[in-house]
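Pasting the structures in now, so scroll down.
Next come two complexes, and both contain chain A; in the first it sits with chain B, in the second with chain C.
Coming up: the complex of A and B.
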């Protein structure tokens, strides 16, 4: 049964790829909209093996190498994500420790959660220009809230459980309470916050690069699209999807290792 | 000198939700001798758990005091261990790690932790499950882990808050017998809260019957039955009479509470 389902999954993917190959070849879709998948994959292979984007536009712009864009994107994601985790986690702890503050901030947090921070990008350009800074700030602001909220939520859940009482009855000191009770107890919630923050930061960085940057994979997608370099555009999209999938499965693997001990 | 002295204890809970205050305990006094097995029985919500947590130093009384081993209780003490009703095993730790938990917190050297933990795991009959996680154990086994985690610290006083309350009848009976065996082996003093009269009579030397909320002491009876107590003894006329008498008193409390 399991192998049959797995086989069917592959069949679905193959069928989809065949359709995507056939449509442009049959002339049903214009090449500006979609190139045959084989062309796209070949282009991706070319970009990866030569390290250069075959494009007159990027050659003229002086940024033909994949490395220049990849490093910009990865750097922005890394900095904004690290900021979201390193600032958001202690902020969540603070929010849990100070219930009054949490109650005061509650409505703002709800609004902030729902707010498309990204819509403020013109303001960020006005304030910080078009470099690395506004992209990283947007990525950070987009990712940080879920870390704060999940950290506070996880710790509050531990408080609802009996574990802190057990800890106190066993004579744990405050530091031991944090490290041996609250941290492992809240870990699943905290980790899913960290995982979501990565997704949010990545979305924000790629989207910002569309609009603000002259570097980065988002920028490559946007410029290729505007210059009708359809194969380059799809190759860059594939690269982004592949990278996110890789990072996500890495995080899921870590998370599962964490969960098997807990659930 | 009694090992536990509860003197004129009262407790009023002030919920921080702004709900009206709840009087949980009113003027409760009793004492427990070293080595005794005392059961506290009362209707649900009569403040039994509150009483136990005050003795454990996890809550402070509104008035009155508890003296344990000659010293007033001001917080959790190493001589006192408590086992809770709900599953309190740490799901992120294996059986062995759960049992070692308190030893580690007290800075016992790792090799010593291992020896003591394995000894207690043997005592509660969990050998072979050292490396299982709580999710892989049954409810009864998890409660054994929780008991072992408390016992490994060698408390002179063991407070048990309906420790078998969440378990099925057979497991309860079995664990009750095991508890008596352990009690005889470690020679601790046990204060055991339950709402099950038969369980109380089967296990304890003395049974303290409490009223509905606010909890007061209604009656204290000596069971005075010889040990070990088997099923024939539990079915004997004296025990049945005692159970009927206590049940009649308990019934009045439950009915007046309007819970039936």
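Coming up: the complex of A and C.
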């Protein structure tokens, strides 16, 4: 079964790559729409090895290096993600300590992710100008609530178990209760929230850069698309997707280890 | 709710009404847009795209979810890659949709469907995998036909999981449609947002945001009511994998 699963997965990937290679080569799709996969991979290799995007537009705009865009994107993700975790986690603890507050906020938390938060982006640009701040703010808003909810949920789950009672009968002080009972018990749930916040912040930062910005990988995709630099566009898309998938696999692996530890 | 409106009013007083109009002015701009009609054709475009995209998302998501839920081979091969794809910023792929479906509403419908189908599919196969195997054994012992097994045993068992997926799918379809319109379009609420943004018209931006949030809240109230009927308590838990 395991070998069949692996075989099917690889056959699918290969078939997909072959189709994407064959379509433009056979002339069924114009090269302005889709370049062959081999060309895209070669272009990505070129961008990564030389560190510059081979494009007259970015040369003129004064930001031909990959590093300038990569650092803008990673910086925005890092700041918004750090904000989401550092503010969201204590807020989640607070929500767990104050059940009345939790009950009041419950309906808002349920519908929060239903709102198309990106609609706020043009407003943020109006208020704060194009640049770092509106992107980071949106990334923070997109990531923070999932941290709050998962933290509160995880702590509440620990309360349903026997461990807090054990802790109290051992006469642990409040600090000890947090450090040796609640934190380890709620860790997997909290980590799930942190992981999702990373995913959400990343999505938000890339999407904001994609819509309006002057730097960043999303900006590279957007500009390459509008300038018909198809190979550059697909190379940047590949870079973003590959990077996010790698980070996500890593976080999922850690998450799975945390869950198996408590089971 | 009252606190939220008050906070908005206070922020507006601090930033100045030109940059951030207060709630009253946003609401009256929204009513103006509906009465004088500058918003209405765009509202229709967006609603059509949402409904079209959602229909495809549900159709494709359910078929994908049921196929993967029914076959351990398919689930083993594709669950990981699909979960990973779900976490990717899907906006980056929007140029592909533009290339395939052109600038009109078809590209937004396709993109909205692509956004929304993931939660539908994921919740469906998860519900099928966590189904009680004894129920299937009973169905086999009673010699139910595959069609009967599906409608009388599998479907009722996985319905609670599916309705949650349906709600999350709607939210993502809405997001996908608005993002698509914001990136490249000549009509729709996302297009209005970007053009009012370029024109520094804060009160009209807020009116559009208000309308979009209302669409989201109304649709979610309906879907949450459905969820409550089917499963009792709606799932706040946001973990997917």
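Here is the rule we use: the second predicted complex is superposed on the first by the 263 of 263 C-alpha atoms of A that agree within 3 Å, B and C clash if a C-alpha of one lies under 4 Å from a C-alpha of the other, contacts with A are read in each partner's own complex, and residues count from 1 in each chain.
In this section, a residue touches a chain if its C-beta (ideal position, glycine included) is under 8 Å from a C-beta of that chain, and two chains touch if they have at least 3 such contacts.
Note that this is a predicted model, so its numbers are computed, not measured.
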Touching partner for A:154 - first (chain B), second (chain C), both, neither: neither
Which of chain B and chain C A:120 touches, first, second, both or neither: second
Partner chain in contact with A:24 - chain B first, chain C second, else both or neither: neither
Touched partner set for A:163, first chain B, second chain C, both or neither: first
Touched partner set for A:88, first chain B, second chain C, both or neither: neither
Dominant contact partner of chain A by residue count, chain C or chain B: C
Partner chain in contact with A:218 - chain B first, chain C second, else both or neither: second
Footprint overlap on chain A, where chain B in one structure and chain C in the other make contact: none
Residues of chain B that touch chain A when the two form their complex: 53, 56, 58, 76-78, 81-82, 84, 86, 88, 90-93, 101-102, 104-106, 133, 135, 149-150, 153
Residues of chain A defined as touching chain B within the complex: 162-163, 165-166, 168-173, 176, 180-181, 184-185, 187, 261-263
Residues of chain A defined as touching chain C within the complex: 1-2, 4-6, 8-9, 12, 33-34, 106, 109-111, 113-116, 118-123, 125-127, 146, 149-150, 153, 189, 192-193, 196, 199, 202-203, 206-207, 210-212, 218, 221-222, 225, 233, 236-237, 240-241, 244-245, 248-249, 252, 255
Footprint of chain A on chain C - complex, ascending: 15, 19-20, 72-74, 76-78, 81, 83-85, 87-96, 98-99, 167-168, 170-171, 174-175, 178-179, 182-183, 189-190, 193-194, 196-197, 200, 202, 205-206, 208-209, 212-213, 216-217, 219-220, 224, 234, 236-241
